[in-house]
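Two complexes, one shared chain (subunit A), two partners (subunit B, subunit C).
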Partner chain A sequence: MQNKKTWKATFQAFWYILPLFIIIGVFNIYPIIKSFAMAFYDDFNIFSGEIGGYGLTNFETLVSDEEFAEALMNTFVYVLFVTPISIILALAVAILLNNIKRLKPIFQSIYFLPFVTSTVAISIVWRWLYHSEYGLINYVLSLFGIDTINWLTNPDWAMPAAIIMAIWKSLGFNILLFLVGLNNIGKTYYDAAKIDGANAWQRFVNVTVPLLGPTIFLVSIISIINNFKVFDEIYALFNGQPGPSNSTITVVYYLYKKFYTEFDYGVASASGIVLFLIIFVITIVQIWFNKRFVHYR
Partner chain B sequence: MNKKFLLGLMLAMFVFVLAACGNSSEESTESEEEASGDEAVETTEDASEDEASGDKTTVTFWHAMNGPHQEAITELTNNFNESQDEFEVVEQNQGDYSTLNQSIMASGVSDDLPTLAQATASNIPDWASNDLIVPLDDLLAGENFDQEVLDDIIPGFLEGVSYQDQMMAVPFAKSVRIMYVNDDILEEYDAEVPASFEDIQALGEEMQAAGDDRFALGLEAGVEMELETMARQNGAEWISDDLSTVDIGEENATEPMQYIVDGIDAGWARTAGEDGFMSGPFGRGDVALYLGSSAGLSHVEPGAEESGISWSTAELPVYGGGEPLTLLAGNDLTVFSSATDEEQEGAAAFMNFLLQPENTAEWAMATGYVPVTNEGINTEVYQTYLEENPNAAAAAAETEYAIASPMFAGSGEYRDAMTQAQDAILIDGAEVTETMQNLQEETTQIIEENN
Partner chain C sequence: MAQISKKTLIYILLGLGALTMIIPFYWMIATSLKTAGEATAMPPVWWPGSMQFSNYVEAFQVAPFGRYLLNSVFVTLLSTIGEVLTAILAAFAFARLNFYGKDILFALLLATMMVPGELLIIPNFVTLANLDWINTYMALIVPWLASVFSVFIVKQRFESISDNLYYAAKIDGCSDFRFLWQVLVPLSRSSIITMVVLKVIGSWNAFLWPLLVTNATEMRTLPVGLQSFTTEAGTRFELLMAASTFVIVPMIVFYMIFQKYIIKGIANTGTKG
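Right, the complex of A and B next:
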């Protein structure tokens, strides 16, 4: 094994990554470049490949489209609720799971199930849970004297309905990552803290959270990126509609609609780029935050 | 410096890749149905490929039929292949309608289209204006399509496949709107099967007066089909065939919308809403009358059987004392321009086969669609079938006055605007006339821009 950085070694390494690079190139990189380009085409005919011209018309359409503003707004609301709540709940569950001795694998599997189940199947079940007449959720609420909530047909409740389902669905994966992180924290830190007289809460705040920093960072980056791309949950929960009265339209839903029902390929690509830039900027901020505040051992 | 640049590049790639992939499951609605459908395809596909031999011209046929519908199409295809030695049809299921459309869009770009495919009316203008599909007038006048079959197609169905005065498709899987009737509720109130929307309102008011919390009228989640039907019965043109007139915002059209709004507000009418399709609530016995597609018969049956209600079907009621009228839905067969002349001839032969009286009748019996030719309706097998299955009779009777909405480019956009207007009225409580007038303006603009 030679460790020197020579051109020859680089060239050899190139052969190893070539197969994967071809796959990524064909299925990811080329489409990305192409869709970037498409965002700047005017009057693009996708079948003949004719381009009417180049310019920023698609972005101008986006800026003046109220529906896009609504989609952006909804997406932000979704991310702002789903990400932190999901992370906090997942962390809590992971710590509880980590403390039980028996049956841990069983509980772990149960919590992980939603993650491996298809979103469509989950949505069908949740559609019943949310049903105004026959739904379990409204039944439970009625026991507390709360009036029926039209989760799926009232525009004010549609977004909360989607958010609750998304949090539940994302728990499993986050719990798994947190469990791995928790297992990596040496028992000696807790022993030392106990000797110093720290109670459970103090141990959590001063030992667990800082040492779990890298995991929390990883989970939050993945969650934010995934949540910005929300589409399946909305599409399936509201039966192929963006919620009652367009109330849960998200950026990806907007993109889908522009591309597949309105054949407005340029505007669809442009909205994709806007979403990419938003995710990119937020990720950079997160990385900066990570460097500044997260401790690595 | 260099390191930082590399780090930045890697970060960009990381975000790109994460942001770009992972949306794989988005197209799979009704996944169960599809999954079972797909399996079946593979076997038929293999089988037909093995058979395809020597000098036969292979004709590829893409469709979006699943479950029992798919079995029927497979059987018809096999029968066709056995019937002659010139062409070999290979049928391929592409999933559901939206997946089929996506496949066609993708293969249209990569020049890899099949010979023929199922198409809904909203696709045809777009495909035609991009020259993806060929006008069929000449092809059907050729040796592989019988003139009698062409002349025998139900006139309303033919109108529905013409675009800019050319025949762009052959009608195939056609459905109409019918009324599902809960006979138990009607008997309770000693009511006749309503012939008009006024009768339905009267029934609704009677049920309300009796303190009944069931609904007299149930509509699908989107009411645009019923609304257009009622408006046209009421004398509106809606969107005229030559696209010159749009009167969605005029009184003839706003009256029925107001009727629906009043019914929902009063509590005797409802839309499917959270139930997705009205077949569910109707099957549970929650509504007396359900206006829906004749192709929904197979969805109503199991639910109704489970809850034990007795039900039947009837022709659509009429609004405002006008003439009976129903709108056609479903899909047609289109032939792609990328196919060779021989393949196109094969497609013509196959379509000719599908429209033979026995075959269109058999197809209708297996699926709940209606036969597309008069001969097909009059075949002995189909008439016997109607006698044994009186629930299918309403749809067959309606073919006499079924009409098609005109096709135009931009209909996807129009439908989105329509849905938004309907939601604004039914959910947000927007004023009917004003909203419909805005919709009229928007529709006129969409038609002008795209046609």
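Right, the complex of A and C next:
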């Protein structure tokens, strides 16, 4: 690479970057600015495009809207269950996989399968598995003497149904990241621990967990952010509805509903900004946490 | 002895887990080949009496899945080609050219990755409506012709290729453009395939955006068509499962072929954060 910046190189770079920049500019950068602006519109008329002025009306509407509170609550519950359960199970499977040689690639492929499948298609399959009368899940439960559960029509069971499916779907991706992390831990650490007389559990707690810290941190960020944006799963599992009596409405579903069925662009944008801020804060907190407490690299 | 039984335990646990992962897929395919009576039989029928391949034919008659397939293939193909081209060109500039504003521009692009795409759908929908692109292939393809993430992957690979190659090519009178396509791209083949594979999966499975910009039946992609088919199929779960199989299987086959690249791609982007 030439060491000095030149106008010749700048002129040349312009043409190389232009195609990308047109698309990113129009469909990423402009809409970021625009949605912040839209969130602060007052009395926006979508038909005439007239704006009554700028203010906090949309955010006031959000704060007083019980449905948005529900959407936030549900999204937090979803994230709080899916993320840790999926991570713990994935870590367990990854460690088991790391202990075997035969069949390892086959197991890995099977666990990873849900990741490449269409969320909509697999949610429809789960809708069938959850069917109250003919579903496989209720049949299996009945073998253990458990009564029929109306997974998709009972508001109390709708969220657990969505959470179980999401854990199942996200497992493979997390397992893969953990396997990479585990591969990066040198065998010498385990040998040293063994010489010192550490048993399997002590090796796990004192070697694996601390050395896997950066990976666990990374997997958590990715999962939390992805889970906060949940939409496809809910939409397809409940056939376009946000669950029975709104029981699984999430932030993105709320945004979609305000935008696409109620044409309230301002409030929809404001809810998008809230989503962005939540994700932003979590990312910052985790980066800080990582710098502060995860010392191993 | 203790060693053997421990290994066996690991295999049993992993096997049970794998079974849980695979049962929904098995149940989908099994149901898709059952008669309506078998599909709703209690206790469930584990293996269809005779394979009802006619369910697939019927699903195709009830909804235009051929058209949905064509749309999905077309949209996936064009948006992937576009993204590869824009990413390779931009990655070259960022990796090899020393231009004014480079750092600021790259930081700006990285910053856009922090914003959830869901926030952007509203202004983007308005933009497309103003262009009169709703219900067109343009709406399904054009916004997805570039991705900062892909630039990032390709740029990293380009930067790892020795400068000496560049100088040697220069001395031989090779232009930057030719150097890019005849030296850098072939050397970065595996990174580019990884990017393509991830893009194809993402594009094929995309739902929210195609749902918003298509309301005409003939413009739907497979996931959107499948979702609307649930209304048309009603309680005919054997048809619904046939259609779901039809949407899922191409990506599973694709995954089996390119597994190595998918795993490599996720491992790389994952560990480098």
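As a working rule, the second predicted complex is superposed on the first by the 268 of 297 C-alpha atoms of A that agree within 3 Å, B and C clash if a C-alpha of one lies under 4 Å from a C-alpha of the other, contacts with A are read in each partner's own complex, and residues count from 1 in each chain.
To be clear about the criterion, a residue touches a chain if its C-beta (ideal position, glycine included) is under 8 Å from a C-beta of that chain, and two chains touch if they have at least 3 such contacts.
No experiment lies behind these values; they were computed from the predicted model shown.
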(request) Could you check whether subunit B and subunit C clash or fit when both are placed on subunit A? (result) clash
(message) According to the stated criteria, A:N199 is in contact with first (subunit B), second (subunit C), both, or neither; which is it?
(response) neither
(message) On the A-aligned overlay, A:L255 touches which partner chain: subunit B = first, subunit C = second, or both, or neither?
(response) second
(request) In the overlay, work out which of subunit B or subunit C sits against more residues of subunit A. (result) C
(request) Applying the touch criterion given at the start, work out whether A:S64 contacts subunit B, subunit C, both or neither, answering first, second, both or neither. (result) neither
(message) With both complexes overlaid on chain A, does A:T188 touch subunit B (first), subunit C (second), both or neither?
(response) neither
(message) Going by the contact rule set out at the top, does A:N239 touch subunit B (first), subunit C (second), both, or neither?
(response) both
(message) Quick one: is A:I122 in contact with subunit B, with subunit C, with both, or with neither? Answer first, second, both or neither.
(response) second
(request) Please state which segment of subunit C collides with subunit B in the superposed model; the candidates are 26-34, 80-88, 170-178 or 224-232. (result) 224-232
(message) Quick check on the output: what are the common subunit A residues between the subunit B footprint and the subunit C footprint?
(response) 24, 28-29, 31-32, 118-121, 127, 131, 222, 225, 228-229, 231-232, 235-236, 239-240, 252, 256, 260, 275-276, 279-280, 283
(message) Using the touch definition from the top, list the residues of subunit C that touch subunit A in their complex.
(response) 7, 10-11, 13-14, 17-18, 20-25, 27-28, 31, 39-44, 85-87, 89-90, 92-102, 105, 108-109, 112, 114-116, 118-127, 142-143, 145-146, 148, 151, 163, 166, 176, 201, 204-205, 207-208, 211-212, 222-224, 226-227, 230-231, 237, 240-241, 244, 247-248, 251-252, 254-256, 259, 262-263, 266-267, 270-271, 273
(message) Residue numbers of subunit A touching subunit B in their complex, please.
(response) 24, 28-29, 31-32, 45-49, 118-121, 127, 130-132, 150-155, 222, 225-226, 228-229, 231-232, 235-236, 239-241, 244-246, 252, 256-257, 260-263, 275-276, 279-280, 283-284, 287
(message) Under the stated contact criterion, what part of subunit B meets subunit A in this complex?
(response) 11-12, 15-23, 25-26, 28-31, 98, 101-102, 105, 108-109, 126, 130, 132, 221, 273-276, 412-413, 415-416, 419-420, 423-424, 427-428
(message) Quick check: in the complex, which residue numbers of subunit A touch subunit C?
(response) 1-7, 9-10, 12-14, 16-17, 19-21, 23-24, 26-32, 34-35, 38, 93, 96-97, 99-100, 103, 107-114, 116-122, 124-129, 131, 133-134, 136, 139, 168, 171-173, 176-177, 180-181, 184, 215, 218-219, 222, 225, 228-229, 231-232, 235-236, 239-240, 252, 255-256, 259-260, 265, 268-269, 272-273, 275-276, 279-280, 283
